[in-house]
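Here the chain labels run A, B and C in written order, and each chain numbers its own residues starting at 1.
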Amino acid sequence: MNFNPGDIVNFSVMVAPILFLLAVGLMLMLMDVLKAHSSMPLIAGLGLIGAGVLAVLPEKISSMQAFYGMIEVGNIAPLNIVFLCLSGVFTIFFLPDYLKRQDKPIYEVYTLLIFAIIGMIMMANASDLLITFIGLETFSIALYVFAALFKKEETSNEAGLKYFLLGAFASAFLLLGISLLYGLTGYTNLNDIAANASKLTDNPALFFTSIGLFIIGFLFKVSAFPFHNWTPDVYSGTPTPLAGFMATGSKMAAFIALGTVLIKLNFTQYDKLVNVLALAAILSMIYGNVVAVRQKNLKRLLAYSSIAHTGYVLLGLCAGKAGFVAVIFYMFIYTIMNIGAFGLVGIAERTLADTDMDKWKGLGIKAPYFAAAMSLFLFSMAGIPPFAGFMSKYQVFIAAIGSGQILLAVIGILTSVIAAFYYIYLIVIMYFGKNESPEVSPRFDWTTGLGVGLLAVLILLLGIFPSLVLQPLLQYMSGSISAVAAAF
Amino acid sequence: MTFDSIFQIAFFWFFAILGIAGGIGLITQKNPVMAALSLILNFFSIAGLYLSLQAEFLAVIQILVYAGAIMVLFLFVIMLLNMQDEQNQQFDVMKGLAFLLGLGFFGELLFVFNSFMGKSVSGAFPLGKVEPIGMQMMTNYLFPFEMISVVLLAALIGAIIIAKKHSYK
Amino acid sequence: MNSIGITSIIAGLALFIILTLAAYTVVLERILSAWIQQRTGPNRVGSPASGKMMIAAKNSIFLRIINIGWLQPLADVIKLLLKEDIIPAGANRKVHFLAPVIAVTIALITMSVIPFARGVYIADVNIGVLFTLAATSIGVYGITLAGWSSNSKYSLLGGIRSSAQMISYELAMGIVVVSVILLTNFRMADGSNCLSLVNIVETQVQSGVWNVFINPIGFLIFMTCALAEANRSPFDLVEAEQELVGGFHTEYSSMKFANFFVAEYLHVIMGSMMVVTLFFGGYGGPAENILGVASWGSVGQIAWGLGWFAFKTFFFMCVYVWIRWTIPRFKYNQLMNIGWKSFLPLSLVNLVVIAFVLALIYAGK
């Protein structure tokens, strides 16, 4: 092994966004000590934006992987970094206001948020299963703490414990899958495994067991059907904006990582794997949407809706390489609208001290801006045409139909109708529900107002011009497709 | 069969059976301290198995980290909380179902491992000695090695957030 | 590598000598403490001169030296053996029995990798230092389990204290050992196997520069941590009699108690041996090159090496005793503060400085 210090410098430049975020995280820790609390959100947000800029800055790169094939820096990797950083930025808009629920806010949240995003970036861009696992653990630990953040609240404790125990189980499954895969091929590096694909089929039982365990680990993280049980309890106990982050950023990273691994293994040639994913997709869509109809608590409703959305994304994943762009696009749009929806629920929770749906009766008149923004996010989630949610669903369905998964697409469209029912029911409650006891109405302060405005504009803009995101995605991806083709 | 190979096989079975006994003890002991002790027994047996694979470094690290640090903290917490014996739990349908599922999974893994018997892993390098591990950590695996520190830092901050007393009104 | 026959002879001899030594360390401690506190100390059992003769020859240096209770350890052991073995009613009998066994066994295990003289060792393991660290790290189980199994609050508190203390001081100790490994690796020509204790000693002996001269801060930290790991004063919170009656061994009696007693002194001996091995050149004597020790033949070399090793070990055992009877016990918060806020950062800084300097020298080559 010849060791070259120059290599390390080059590699460090390649993973500059991660190192930059690390520096920002450490700086936030320092600011906490120095009591510079009020500017922490600003620094965290600017740091995330800076990392995103750093990611897309280089015109061309010398190699696709950094650190001896450990982490992807070419292809779609820079865009992944941008999307994940943006999910953090969106969350930060809602955090300072919500944290005021506690008399002594826990400012370490920002540091942990940055670390969580580092973990997500590592997992999404990993080209070695070791990095996948390390990234997963990094952001999982941060999310466990987020769930248990409000220590004095029983629901938060429950959420933290539940998420931690089940998450540890899921990690164990994932790790067993990875180690079996290593036993089968002798590599943990995805490109090496892909190059030795013939070894995979030598021992089909071992291969399907290992990849099955791997998929189980990820299906837990994205809360797909058979592994969804924790979702409502955890989301309703977690501080609301952070629950939004949990439902979007971590899922986006998990979907990208799962998609990358599966596509590198060329999974569409194994019918069994596609069927398993398709089954999970169908059941998630049906279960999430049907159960969400009966929910009275807004956070639980959003949790079940997030299970349903997982189903739609899985549907895109079943389409293989062709659906991967749709998957990332869907997750980005979902990030925008879901963080918006969770953020608004959080604002309402602070003033109404509850997340019960009945409290929202008549908000359309008392808080017109609030209700309008919420309606916009809900319409988008339901997939009503001028909004971005429609475009994302459309992309996913097109990809599924394109790969011949007609049944899946039909079930997806049918369940979307159920979904539209409960989203619109909430809008009806806001505008036409009669509120007997007039109470204080939710109000924006300037950060949340700015955040809601930004997200709403993005929803409208991407609904009308989806190519603003799709175009770069396809451009970056086209590089990736040729590179993957070359690897085979 | 030579003396060495008999010794090797005996060594393996000794630690394998000891490890399984520790694992079973862990889940059947009602007393938390005894359960923790069974886990320590399990860790020691695994270290023994590493030794039989000539991975001395891994064996010692297994003892140093798991038995020497993590389990000491476990015992510390169990004693500090003064945990009582587990109460007798009633059998219910869910538990039976979980047991059956677990049994099925176990069978599947047995089947898979059986198909794996006798095949050597290609491409693996002699992990277990100090020098190759150090070499790999500072070259090929530099990035994961450094990034582990982020995991640990995040866990540290998280533990402090959860354990620290924040004053509420 | 020695043959199995030689190894078992060495192991048997070492076991015999070290166990006997442990018993006599008790006498050493009593004599030294008496001397420090200007008392008489043990001067009856097995003393050649006793009674009136002693009083008559009060000022005779010679009589004082030989009147140190030569058979005192034997008397102690007989006394402890004949006492009733009491097991508390609520105790966990199995663990209560196991705890003292673990304590002594683990304390003895370190012996198996220490080189006593050139070529005289039980095993030259290629991970020797880590082996000793692992052995000390699991040594805590004897005390913790003793504390828990006795079903007594004093014992339990002692056990809990000991596990917290052990974790805190192990870290700094481990980091210091890493700095020693760095130095050894730097001085090894081929750069291999720098974790073996034999090689750590050999590099010191051959270069003639002991690690303590290069790494004095590391030595101080290691010495103190070894003190803490042995649960000796000023770190003997686990058996602080003013607060915890007898600490973890409150409920122990007879030979089981004696086991803990022996284990403590074994820790003193092993700690001294480790300090000597890692920092004071092990079996190396002064001016070996001038005296031409290398040409003395194996018996001469072994005698020379064993002599120096024994002398240095004896010196540090005396230092241990000296410290115990000089420095008062820390409070619990002081103990934690010292461990986490002084030793850990200090050892890290020490490691970084050493690594940096070595890297500079490498770059200069």
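Just so we're on the same page, a contact is a pair of C-beta atoms (placed from the backbone, for glycine too) under 8 Å apart; a residue touches a chain by one contact, two chains touch by 3 or more.
What you see is a predicted model; the values in this text were computed from it and never measured.
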{"item": "Overall pattern in which the protein chains touch one another (line/ring/star/complete/other)", "value": "line"}
{"item": "Chain at the geometric heart of the assembly (C-alpha centres)", "value": "B"}
{"item": "Centre-of-Cα separation between chain C and chain B, whole angstrom", "value": "30"}
{"item": "CA centroid of chain A to CA centroid of chain C, Å", "value": "55"}
{"item": "Chain A: positions in contact with at least two other chains", "value": "none"}
{"item": "Residues of chain B that touch chain A when the two form their complex", "value": "108-109, 111-112, 115-116, 121-124, 135-136, 138-144, 147-148, 150-151, 153-155, 157-158, 160-162, 166-169"}
{"item": "Residues of chain B that touch chain C when the two form their complex", "value": "31, 33-34, 37, 40, 56-57, 60-61, 63-64, 67-69, 72-73, 75-76, 79-80, 129-131"}
{"item": "Of chain C, residues touching chain B in the complex", "value": "92, 95, 125-127, 130-131, 133-134, 137-138, 140-141, 144-145, 147-148, 156, 159-160, 163-164, 166-167, 170, 192, 195"}
{"item": "Contacting residues of chain A [partner chain B, same complex]", "value": "1, 3, 8, 11, 15, 22, 29, 66-68, 70-71, 102-104, 106, 108, 111-112, 115-116, 118-119, 122, 128, 130-131, 134-135, 137-138, 141-142, 144-145, 148-149, 151-152, 160, 180, 182-183, 185-187, 192, 203, 205-206, 209"}
